[in-house]
Amino acid sequence: EDKPVVGLVMKSLANEFFQNMLEGAEAHAAERGDYELRAVGMQNETDFESQINAVENFITQGVDAIVIAPADSKAMVRPIKKAIAAGITVVNFDVSLDADAKKEQGLELAFVGPDNRGGAKMAGDALAQALGEGAKVVIIEGNPGADNATQRRLGFEDSVAEYKLDLLDSRTAHWETEEANQVFSTMLTAHPDLQGVMAANDSMAIGVVKALENAGRDDILVVGFDNVPAVGPMIEDGRMLATVDQFGQKMAADAIDLALEVVAGGPELEGWVKTNIELVTKK
Amino acid sequence: MTDHTTNTPNEGISMHRVIERIGIHNISLLVALVGLLVIFGVLRGDVFFSTRNLLNIGMGVAILGVLAISQTGVIVSGGLDISVGSIVGLTTVATAMTIQATDMAGLGLLAGIVIGGLAGLVNGLLITYGRINAVIVTLGTMAIFRGVAFILSNGQSISIFNDSFRWIGTGRILGLPAPIWVLIAVAIGFYTFMHKSIVGRNYYAIGGNPIVARLSGLKIPNYRVAIYVVSGVMAGVGGILLAARTGSGQPISGSDGLELEAITAAFLGGCAMQGGRGTVVGALLGVAIIGVLNNGMILTAVPTFYQMLAKGTLLILAVFLAEYRLNKN
Amino acid sequence: MPQNILTVSELKKHFGGVRALDGVSFSLTRGETHALVGENGAGKSTLIKTLSGAFPFDSGDIVLDDAPYRPDSPHEAKARGLQVVHQEFNLLNHLSVAENISIEAMPRTRFGILDRAEMNRRARAALDAIGLGDIDVRATVQSLGIAHRQLVEIARALQSDSSILILDEPTATLTERETKRLFDIVADIKSRGVTVVFVTHHLNEVFAICDRVTIFRNGKTIATEVIAETTPAAVVRHMVGRELATERNTYQNRDISGKCALSTHNLKVASNPHPEGLDIAVHYGEIVGIAGLVGAGRTEFLRGIFAADPIVSGHLARNGTPMVFRSPRDAISAGIAFVTEDRKEEGLILDMPISANVSLANMASVSGHGLMRFGLERQRAEDHRAKLQIKCGSVSDAASSMSGGNQQKVVLAKWLARTPEVLILDEPTRGVDVGAKAEIYGILRKLAQEGAGLLIVSSELPELMTLCDRILVMANHRIVGSVSRDDFTEEHILKLAYGQNGTEEGTIA
Amino acid sequence: MTTETRMLSAPSRRAVSVRAIINNAGIGLALLALILFFSLASEFFLTANNITNILTQITINLILAVGMTFVILIGGIDLSVGSVMAFAAVVAGKAITLPGLGVVELIALACVAGLLTGLISGLLNGVISAYWGLPSFIITLGMLNIARGAALHVSDAQTIYSFPFAFEEFGSALIYGVPVVFLVALLITLLAWFVLNWTVFGRLLYGIGNNEEAVRLAGHHVFWLKVAAFTICGFTAGIAAIIYMARLSISSPIAGIGFELNAIAAVIIGGTSLAGGRGSVIGTLLGAFIIGVLANGLILIGLNDFMRQMITGVVIIVAVILDHYRAKYSAT
């Protein structure tokens, strides 16, 4: 009965990445059996308020730990600080809080998550190598205020620089499929000679692939990020070139494990607990 | 009847009527649309008028068009249906699951239409017999239908591998993509229904003044329920198109403000909030304006924020043209 | 042996605390024309609404064609052969005249599609039958004047075959000429065996066309009389429960040598087809009437003066000083008040309390520093309720809960509350009962006596002839004559209104 | 949508609005029932801490909804409030992070800048829709895009942060457990209630919603009255922006997406008619509470996200059905 309670705060459950993560977390809780999991998500990726509300509600419920993937790297600093002040162990995973904002609020908190910039560069490099130097590419970005979105854009830009690609356009679609579909459809019309697309996550990559199918184009290469189940077949049949697996289920499970260790009296986490990434291409 | 003085007002009235026949409002919308085409044509003449881009626009608005047209029917009757986006999501799931289970495209279509119709029936019954404001009911059912979709699909997207079904989303007839044909069919069907049929006329009566309509002996409850069922079925058609296009059923699809865009197109097209006014042609023009705007904006590659500024301004200008001229007359 | 087609016994219906019908009993024989009369709020319209299925009744019995009758909906009432023209307008303003006329049974083609040509043809025929040759059946109803709307409604009611036709104050918005035509129509359908129920406040109409009359008072039927065996005075006595003082309706000479309160010079409104506008002058203490046929342009002219609609050209002067009114607000601050023609569309805020309606044009008097003083507002409303004998449950009830005539009195109260220097009235006593009419006349006269200038448009010549010092006659947007009190005769005024140049035949309804 | 029953039941809206509270009894009952249910279902629900949470969480929606009530009462709608809030927040955010000014000046400047931004946006909505008689649905939808674009432009699509400490303190300050920001919202609500029920201005707004022509012919400046309603709504979006900043310590150009729908929902649940002319700000308060309590309570009892959405839908419909019966019985 006295099991510790872990509140897991995710982002948009419309994204398969988090759907998948949720399942993984539930399985993990069932498997370990020594803690109680309470998980919440958001309506959409820009709904910061509801994420803050979720944290506040967890404070009220007096959970032992909060494991959170912030929607905005700056906005979530204060509520997290409040949770820590309430004696709750907080683990920040997936999206790192903003370093400056943390410093300013006097908050020290470790980050559990992948090297987003490095990961994006892996995908970008794969694309560049397939297309060759000087190829025309575009980037579809995540939420401007989210640190991992920034890191992934930088990673793609690293590839652009290294392989002297021609970057035609770079726009946000706020991590969402439909928006990416619209944004990219028109990018395609504006730049019919486009050769490659770097999407900052798979949700948006799927939107891009659908747009390509509708336009009847199979000559444009797409890379994504996340390795959600839905892109598996796309990589197999060539509609996508590559994605980066960041092992979302494991990431969440690790973050929970780490949180529980601290709750059980272990040492505070520090710095960056890097999690695994891996380039996924056609086998 | 024969002398000069009596004919003057008469002539005034019939002149007025000639314009009215085409629809002053529609003429103005057409002007707005042509204006947009000219602007984008000049700015991006290279690609804007390419067949591919025009088809892109068409594909982009096919689903929206279906929804905007049926929304026009609902608004004319004095109601509003905010739940259509959710119904689209729900029907993509229902269709995908049916096809996954049976691999029969026809059953998938049936499932989409039946589920859409049932959802609409729920709306209609609650609004008519529960006597609740349509906005509230459909605001509520918007959440409910979305929830049902998630529960059915367990939050996952469901792939559709049936090729004949997917053809609905990607196939072409006479060079035009199938969804555009669907839109054309829906438009013609609704045009006949709203403007040529007796039942359609009665919707204008009910929306224009329900008290009068009742005193004239119309059975308003039946009409009300029916229009929401129609709206649900049309959302089902939208769902089928979406599922066929994306080759999957996704509980989340249709949640990105599709209903708002449909309502916007209807209002742009001349619907009045109070009901009793609005036309199918107007709705189509509204949809075209929105589609061209969205497409042209990205083509001209102005930064996102200027795009939004421009989109907002153009929307206002479009109604300004349409309504102000109307008021002046 | 006349056979009863409809028998109503002990019918009751209440709205909250108001007993609108408190034991109504009467019967209709087949083929008769039966008048219902009674003061404002006596319950006539309520009875008609229950008969037409618009709302249910509490208790009592109705027998229709020897079968019990308790309609759930207007649909059912129509199916049983009852057709009603209600007192308040019931047209769909955005639809065409033809569509309105055919709304109950639209003609269809073989394919079930609306047969527009046939619909227009039927509407044309229906309008021609009641003499409305000059209305375009494809025009929207909102482009019609109020009298035309009334006639369109009557045309609609005549569309379907019914055994009972109920007309609730159909003549309230009609001038003599249309009224006559309506009577011909009534005679015609009566000859076809249809029973006609006819509500009016004009007793002469009752005596002109009805066979019997049932008198209402306070929700009860007081008596049913055979017209041939009674007199107007007897009917009025039943209505008000006392003898009506007649001397109140006589004209009193006043001093009208006062200054010119309001004058127009070449004032032209948009609908005026002529190059030149209108010239009129109203002096302090004077009551000027404007007579004319429906569509003569009187309403538009008044609206132009008040800046309710923009004027095209011409001038307007108050106290001899030229003024430009950009909105009704300007007109009001210049001391003008305007009782509009259509109380439902322009006069009242139906959902708001009676007291709020009374103070609407005079918010300053019931507020201080922008704050409402509700006690004072109610007090003011009570004063007017007493003064105009407004019948209502409480002044905080919604305006929509009053009978038509009482609503009209509230509109009047709204403007009287400003004690205007110039009062413009468009059909001020439409739907007001005889007793109350006398009250209103008294009030208007008193106002003139106290020095105000009054400009009254009315389609009831007797009304103008009782009240006015001078009557201007309008036809086709021109003033075709000015008649002073000594020359007041209906013939004279009507002759002017119909015009001497013989062109008016098409202009008038 | 409601005109039909209007004629038959002839509602008598009382002027003095202590009655409004009674008129809202149906929604109030629904709210009470919810509270009762959640206190039984979750041990946390009635804790002081959670009550504080609920109050904080409804603050912004309540403020937006109060402004929205004005616009809906005159028969309009304002879809732009979410974007205008973001725009105002970004402008205020720029102001409050200006270098070289004292804390007090910064905060004052930010408030003025944010409120003015909201006010001007609302003014524009009002002037454009009232002057040319254009449907506010489209005009404010246009403003939704314009304000969002402006917010992205001004902020260069970046989140603005690093506000004075005192300002952030205000966002989380409590008085006896009641968030100060909620008190601000409550104050605004009371002010609005007062304005709508006790001033001539408020009376005329109701009048316009019912019969604009009658109000015009009675000599009132319908144009300015309508403009004022929209301006108030924009102004409250400005207030919401300041509160948003104080609460979140950031100004995000993508904040407030979809907030207009929540605000409209609160107003409608509170019994204000979309057709205009009928409703009350007390109803809006209750409507905002219903939405807030539901959102909070359903998380507390551990419902998953999709069930939560569904139940929210069901409760809203049921609350309004309840209200319908309340109105029916109190009328007879």
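When the chains are written out, they are named A, B, C and D in that same order, and each has its own residue count from 1.
Keep this in mind: contacts are C-beta pairs under 8 Å (C-beta built on N, C-alpha and C of every residue); 3 or more make two chains touch, one makes a residue touch a chain.
These numbers were taken from a predicted model, which means no experiment stands behind them.
A.B. asks: Moving only from a chain to one it touches, give the least number of moves from chain B to chain C.
C.D. replies: Contact-graph shortest path, chain B to chain C, evaluates to 1.
A.B. asks: What's the chain with its C-alpha centre farthest out from chain C?
C.D. replies: Greatest centre separation from chain C goes to chain A.
A.B. asks: Just the chain pair, please, that has the highest number of C-beta contacts.
C.D. replies: More C-beta pairs are in contact between B-D than between any other chains.
A.B. asks: Please tell me the distance, in whole Å, between the geometric centres of chain A and chain D computed from their C-alpha atoms.
C.D. replies: A distance of 33 Å separates the two centres.
A.B. asks: Which whole number of Å gives the spacing of the CA centres of chain A and chain B?
C.D. replies: 35
A.B. asks: In whole angstrom, what separates the CA-based centres of chain C and chain D?
C.D. replies: 43
A.B. asks: Can you compute the centre-to-centre distance for chain A and chain C, using the mean CA position of each chain? Integer Å is fine.
C.D. replies: Inter-chain centre distance comes to 71 Å.
A.B. asks: Specify, in ascending order, the residues of chain A that touch 2 or more different other chains.
C.D. replies: Those would be 13, 44, 172.
A.B. asks: Show the residues in chain C shared as contacts by 2 or more other chains, in ascending order.
C.D. replies: In chain C, 54 touch at least two other chains.
A.B. asks: Mark out which residues of chain B touch at least two other chains, giving numbers and ranges.
C.D. replies: 155, 209, 211, 214, 304
A.B. asks: On the basis of the stated criterion, which chains touch which? Give every pair.
C.D. replies: A-B, A-D, B-C, B-D, C-D
A.B. asks: Within the complex, which stretch of chain D touches chain A?
C.D. replies: Touch list, chain D to chain A: 44, 47, 49-50, 53, 56-57, 60, 157-159, 161-162, 168, 172, 247-250, 252-255, 257-258, 295-296, 299-300, 302, 304-306.
A.B. asks: Help me check something: in the complex, which residues belonging to chain A touch chain B?
C.D. replies: Residues 13-14, 16, 19, 22, 44, 169, 171-172, 176-179, 182-183, 185-187, 189-190, 192, 210, 213-215, 229-230, 233.
A.B. asks: Chain D touches which residues of chain A in the complex?
C.D. replies: 13, 38-41, 43-44, 46-50, 52-54, 56-57, 59-62, 72-75, 77-78, 82, 98, 100-101, 104-105, 143-145, 172, 174
A.B. asks: Sort out for me which residues of chain C touch chain D in the complex.
C.D. replies: Chain C residues touching chain D: 15-16, 54-55, 306, 308, 327-329, 331-333, 338, 340, 345-353, 355-356, 360-361, 363, 367, 370-372, 374, 377, 396-398, 400-401, 414.
A.B. asks: Show which residues of chain D lie in contact with chain B when the two form their complex.
C.D. replies: Touching chain B from chain D are residues 1-5, 7, 75, 77, 79, 128, 132-135, 137-139, 141-153, 157, 261, 264-265, 268-269, 273-275, 306-307, 309-310, 312-314, 316-317, 320-321, 324.
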